[in-house]
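Here it is, the structure, as structure tokens.
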């Protein structure tokens, strides 16, 4: 296993008390696989990514039974050790490429900076050719002239490609992509998704692909993980989650999508809103909004995870397959 | 199903909006954000407007509602040219719902004040009357009336959009421009707001100009659809017909590119459109889509295609022309 | 809104400096309003006890517990009267420059284009000149006196208000709630004053506190130069100037007014900084 996470919890202290942004998260990621993480705002998907990169603010309280990446225990890394991991073993790309790139410096400057950071001691005459190589790898036409551009001269798609180039410059084993296509037009999104898949296969990389868009997740992932209120409520292979999902929230998410609904049918909508993490409901976090919830669901226990046939779900009343 | 005799309630005729930048040091540059756009919205219907960034759909919304001044062409609402209305009069005919729930409500005003603003500006109703009407609407859009005295930061994104909808309804307009009304919302909340919009349309006989980059939402809610690219409408027709048999290659590309969990097509098998949107300062000669279209021929590079009109479908493509000959 | 103020005050309390500043300002205001009524002597009352020391000095005279100046006027009383003058200065400078500066900023920011360029070039000119010099020029034209000094200092304080308000307006102008107000026909006046201005208050409040203290400082400087308050008005700047010749023999005559100016200006600055910290994160937490 490339990445093993066991019972990861991330809490924050505020003036009104401590609250858990993420609790008891457990999952594994194999080499060369794409894990799609899907969830709505406040579900904790982005915070988890930051924890995997050691980028949480100092006031975050992180506890876990295990947090191992490629044999390294991420829980015990000093800031110095983290710099060996970040960028070189784990790369990250973000949602808005226009704000992720520094507007004051050219693409060349930023790309070369990333290369030098990820290849300590690289001879300076090799940096520029590597930069051009990377740009071709991510499909930038005419790299020699593009490399001298400033970020404001780039389109969203170009900027995202450059961010990908920077992120893979260290040949990381894991790429964390946090909503990388959300801010892009749909035709460009397709290009970027294909590019990511291509790079993943060529470089033997794993990807954690985070998005709120189930449609995108369904196309790119091998395995899907659904998060809600800081917990993983269901996970499994792509086909299982899309076609044989067990958790009512997953069902709700899929049914809320307009997809192939006829305009005469009302859209399914999950009633209510996501819970306030400072005031969590007891028992199952989804029970206040769930059409199948019972008093058992709301009682004071943490709902245990069922594990069966490569699929896990956290529910006392899972959906059974009808017909 | 709307009958084809439904009256046209909003009409844009060869509407153009150019942005010109003049400076001492550079030659004059013109961006044709809208270039001879003509469309019709029929009473009680939803016209979906789709396209990617830079296509001009937001500019179209702003020009119709008066936030931007048109350069050429005309806009008619209920038969009357829109420039003959003062903004206060216009709000009884057409209003707009904005995209960003965190940005479209004045943070210093209470919910009922925000909702009643359009009415307060044009009528001499007393504060208590305004409050009463506002609270009725707040309930109508699915919010509890006790929330009327709260400030925007106490509402969630979906609730704020509902307030925006209530605000758009208070002057009883017949046409509502929805500028990406659900794009900034979570999926489960999107569905709630879309359902609300449909319900209100049915109950109040509203007509929507529904702008979105999300094809699946437009496919669900629109009766007719117009596809825009680089300031022009490239295809227009009945929504189900356009989605089932798109005539313009760009429309086809849009439909292909939108991922769908229901479809079993693998990522690698989905056809991509290469290249990027050309700069609006310097669109290609001939058809604007020619540098990315898989079917480009010589004619496409030289001449911009005229509209080809068959069976309630308008397409701007030389190949659609040829198909029918 | 009340909720907002409570939260702001809560944040402010955390900042010790700001709290101290607030307390001192409170003391200053109280003394300025009530002090002169309780002063043992009037500001211009002469006596035969010349250049007496404060109670810790050798040449102490019981009736004048902070000493006297070279014509026998009681220092303590004059300091109290001076605080009222300073309060007066602070209030009027702030109101004058705040109103004019804000109006200019609103117009400049909202309309943009040629009006903006015109106003901002004017502001740039005002800012390019050192404020004291400019104030001196204005007073030379208008003639010396406290009121003219106030006008001069107010003119010189206009640019900071204008720039801050203009920045705020430009920010708010393109937000969708302002666009919405335009779509249903809200008058420009209402948009500027009822929609945009209330959302620019945070930086404006901060600037107001700073302007208060800057105003006092600048007016004291003008009075020190003989261009502001005229004798026999008790004003801390004049007291500084009068005491110059006696620095060696009666050092407290110079030090005490100087300390008053220092304390008041410092406490306003501390409060201003504290407000900036308390208000800014709230602005960012908007979502």
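A few points about this structure:
The first chain written gets the first letter, and so on, giving A, B and C; residue counts start at 1 in each chain.
Heads up, the rule we're going with is that contacts are C-beta pairs under 8 Å (C-beta built on N, C-alpha and C of every residue); 3 or more make two chains touch, one makes a residue touch a chain.
Keep in mind the model is a prediction, meaning the values are calculated, not measured.
Counting C-beta pairs in contact, the chain pair with the largest number is A-B. Ranking every chain by how far its Cα centroid lies from the centroid of chain B, the top place goes to C.
Work out the mean CA point of chain A and of chain B, and you get 31 Å between them. As a whole-number value, the distance joining the C-alpha centres of chain B and chain C reads 51 Å. Shared contact sites, meaning residues of chain A that touch two or more other chains, are absent. Those residues of chain B that touch chain A in the complex are listed here as 52-53, 156, 158, 186-192, 194-195, 198, 213, 215-217, 219-221, 223, 253-254, 256-262, 267-268, 270, 272-274, 276-277. Every residue of chain A that touches chain B in the complex is listed here, in rising order: 40-41, 155-158, 185-191, 193-194, 197, 212-220, 242, 252-254, 256-261, 263, 266-270, 273-274. Chain B contributes residues 62, 65-67, 86-91, 95-96, 98-100, 102-108, 117-118, 121-122, 153, 164, 167, 171 to its touches with chain C in the complex. Across the interface of their complex, chain B is touched by residues 1, 175-177, 179-187, 190, 195, 198-199, 286-287 of chain C.
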